[in-house]
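The following pair of complexes shares a single chain, chain A, combined with chain B in the former and chain C in the latter.
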Partner chain A sequence: MNATSSGGSNAGWFSALKLIALLLVLWQALAWMVGDVAMRTPLQTMTFTANLLTSPSFWPHLAETGRAFGLALLLAVVIGLAIGFLLGINRFASDVLEPVLVALYSIPKITLYPILLLMFGLGVAAKVAFGTIHGVIPIALFTLAAVRNVRPVFVKTGRVMGLGTGRMISGILLPAAMPEIFTGLRVGFSLTLIGTLLGEMFASQRGLGFMLMNAIGLHNVDVIMALTFLLVLFAGSASGLLLFLNRRLYQRA
Partner chain B sequence: MTSIMTTSKPITPTRTPSAPGAAQVSLRGVDKEFIRPGRSGETVHALGPIDLDLRRGEFFAVVGPSGCGKSTLLELVAGLSTATRGDVTFEGKPIHNRIPDGVGVVFQEDASFPWLSVRENIAFGLRRIKIDPKERERRIENALAMMGLTSFAHSFPAQLSGGMRQRVCIARTLVTEPRLILLDEPFGALDQQTRLLMGDEVLNLWRKTGATVFLITHALDEAAMLADRIGVMSARPGRLIDIVETGWPRDRDSRIVQEEAFGAITARLWRSLRAESMKAIGKPEVEP
Partner chain C sequence: MTPKKRAALWRIALLVGAVGGLEILCLSGHIDRLTMQPPHRIVMDLVALLAGGELNGAIAKTLRNAALAFVIAMVAGVSFAVLLHYLRSLRDMLDPVFATYYAIPMFAFYPLLIVLFGLGDTPQIFIGAMLAVVAVIVNTLNGLDRIPRVLLKTARVNQLSAWDTARLVMLPCAAPHILTGAKLAVAYSLIGIIGAEFIMSTGGMGYEISFAYMNFDNAKMYPLILLILLVSIAINTLLAKWEKILMARRGLS
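The block that comes next holds the complex of A and B.
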């Protein structure tokens, strides 16, 4: 059993390494094709990223984005899970409100940004709000579907055991729905990050989004590539971590 | 109610019959109607009227054609559903959509929680019950041992066969030490050999716990092998059209399928059920 799982784990790492190698080769090929007017090679990007990370002016921007993103994600998760659970356990409410959520989700969020700026002003609050509205609806929709899809026999078992609403949610609904909720959290995580960065790109004086917009204006390909590389690394690692946690905690076999 | 139910004499008992006790569950004039979903809002008479007493400590099985309301009957006794008319009482107290204490239910579908180990699944049954940790451990160990799951205590349901997962569900019910165990076709998804063996285990549990067992099944041989009394239900709206006393001794196992009386019981069940099953599939029996 151990030998098998260790063999399986090694095969998984080997596949991941092969995928990374393939992506680097494609990146290198693309950089050669489009030239240095638009891209940098992986080696150039990594070297510049290392320099950027040692520059003292970079860290306040990262901290600003981190703070805004952390708050936006917290709000998106808490509000999204609450909406998802409330609608998921109430069939009538979910039948009525799910189409409304989907309609809201299909609105291009950027059209709401001027309104958010007027509401919250130029600062971290507007970025947090913009990040939150990107992440909250997918988390709510995934949670709603996950709770509604919990096998009825689990709920019946909970009722037979005389569990109240709180224990039913914490003991049965939440763990049973968790694999799908994790998918929602992964999507919500990425969209909240996009929302926060977009907020910084369009109306901000600090943060990675602001740095990116500035670099675009100055045609600084090195900064654009390094920031994109860092964001991909961060989003990819977080998504991988959530996937790992989900498997570890709820899909034990 | 002018009952069409008949209580038969025991069919050639071959050993000493078990002695059933006083009524523990009582159903009086119980009817269940549903509103059909959709625009019509039509009322469907699913069950009843039913009058039935379950004696304390007996093994009672219910057989009937598909869709006759067997599971609805179990849900009424379990407190998972409310009767449209009539009264259901457990130990003298009415059940009104409230799960009574002392009742355990095992469903046909696999209800083991995949995110918990076997041991955690069984311990989950004690979540609402306040007992000291030593007693808790004793009950869990007992349930594990009784269902032959001790060596699988740390496995997860996905690592077990269908029969073993069903044992986990039975153990999770047993750990609460119920006085009434309701089984809703618990072996429906298992193969014939496993069903016979699981039947032996259920009989063993029934003897050890002294609980009353109410079994819903579509398998006539299963009912004939396990039960002290078998209620035969009509096609929808389900009513009890016959109650057969098997006369089996309390100390029995799956070997009774070889007895002559076993054949007589299943034949009698099928005689009562054939016309109802034909009705249930929309082909009323025509007298030759």
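The block that comes next holds the complex of A and C.
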């Protein structure tokens, strides 16, 4: 993908503004076409979102989702990096296990959620586990590839200097593989969020995903529009920020 | 024995060991029957379910919807990519959207789609196609960017019309990259359909699993989960093999 439209240049900002304007116009047109039964206009949605954000009943749900997502992300990053480094350093182990990880990456993981629910019970633990299995595989796969692609001369230099495994990872492999590892973390961040929300939508009693499903039952279009808007806004801007940082890392490398 | 074969043998041994370990844990009562059935029972139940034919409707429905979502995503994705290939400014504007697209929790739109289209097949197919289409667009654009200039010049020299140039030169030349997109689109449309069926629907494999889960019907739930995993892994492996052959023929691997 080209990077002409990114960065802090004026042209980049202008292009981003045009894009936002285009999306708002499309949204408004769609809302007029569909009518009031099923959709709200951007202005109505934003007003309602502001109301929602000031209502006290909303915050416990947000906190619940935030806590589940934070824990899941932490676990996914720690486990993913550990698997990635272990397999990246050991060629044979990665030959054995990489195809398994790739196969796991492409399956519809939602089918595994009932098993997690039976294991952990209906609560925050199952959600965390589900978010984690979404995020851990891309982080492991990207880290594995990044570590394996570190230039051999770096690794040899480290060995000549007699570095132990710990120093080798912290002093050589991690800095050298940082841009690709960050790409994995970026993908892992998004998938963990998707996993956590998906878990909440299927079965839970708290959280934003639960609020969304509850709103279908009540046919509360305001809540559906506001929550979808908030989630897309959060996921989009977080991912945009991470993408920006990622490109900076690549430019420096 | 080549290292590759040795790794494959180890992988099979590990998987057999894992399943065997699960079997022992289940039979010895460390994992109780309400949480999980022993693996041999799951396979026997699956055979019985498939032979009984009671699931044929659900399987056919899921696969049909996934196929429909896939076809829509391919047609819309390839034609939109060809359009974007010519409209440079629109493409520059949409690039950030493509870059952050898969960070958006697409299932958050499902409640809105249910309100718009009703609880039928349409919102599910919509989600599947929406998940798949951007993978097709990005990969097709990637393929179109790599068409050698000389081929386009030859087309101009031979005075081909725009339609003929697209049909006879550009699309065949970009075919391996479009296939990469198609491979992702298959996985995404399956994930979209099954995920949507899981969250809320009236039929299909995902619905059957969630229905069995709600009724603690493990004799039905585990075989269905196994079936979905087998089907999606089989489809993905086949497509990956085919892609490798095509890429090797073009000398791209």
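Here are some notes:
As a working rule, the second predicted complex is superposed on the first by the 231 of 253 C-alpha atoms of A that agree within 3 Å, B and C clash if a C-alpha of one lies under 4 Å from a C-alpha of the other, contacts with A are read in each partner's own complex, and residues count from 1 in each chain.
Quick note on the criterion: a residue touches a chain if its C-beta (ideal position, glycine included) is under 8 Å from a C-beta of that chain, and two chains touch if they have at least 3 such contacts.
In this text, all values refer to a predicted model and were calculated from it rather than measured experimentally.
Applying the stated contact rule after C-alpha superposition, one finds that A:V232 touches chain C and leaves chain B untouched. Which of chain B and chain C touches more residues of chain A is settled by the count: it is C. Applying the stated contact rule after C-alpha superposition, one finds that A:M178 touches chain B and leaves chain C untouched. Of the two partner chains placed around the shared chain by superposition, chain B is the only one that A:T157 touches, whereas chain C remains out of contact. When the shared chain is aligned, no partner comes close enough to touch A:M33: not chain B, not chain C. Interface residues of chain C, counted against chain A in their complex, comprise 3-4, 6-7, 10-11, 14-15, 34-36, 92-100, 102-112, 114-116, 138, 187, 190-191, 194-195, 198-200, 206, 209-210, 212-213, 221, 224-225, 228-229, 232-233, 236-237.
Per the touch definition, chain B reaches chain A in the complex via residues 78, 80, 99, 101, 103-105, 107, 109-111, 113-116, 124-125, 127-128, 156, 158-159, 176. Listed in rising order, the residues of chain A touching chain B in the complex are 151, 153-154, 156-157, 159-163, 167, 171-172, 175-176, 178, 249-253. Per the touch definition, chain A reaches chain C in the complex via residues 1-2, 4-6, 15-16, 18-19, 22, 34, 37-39, 92, 95-97, 99-100, 103, 106-108, 110-115, 117-119, 187, 189-190, 193-194, 197-198, 201-202, 212-213, 215-216, 219, 221, 224-225, 227-228, 231-232, 235-236, 238-240, 243.
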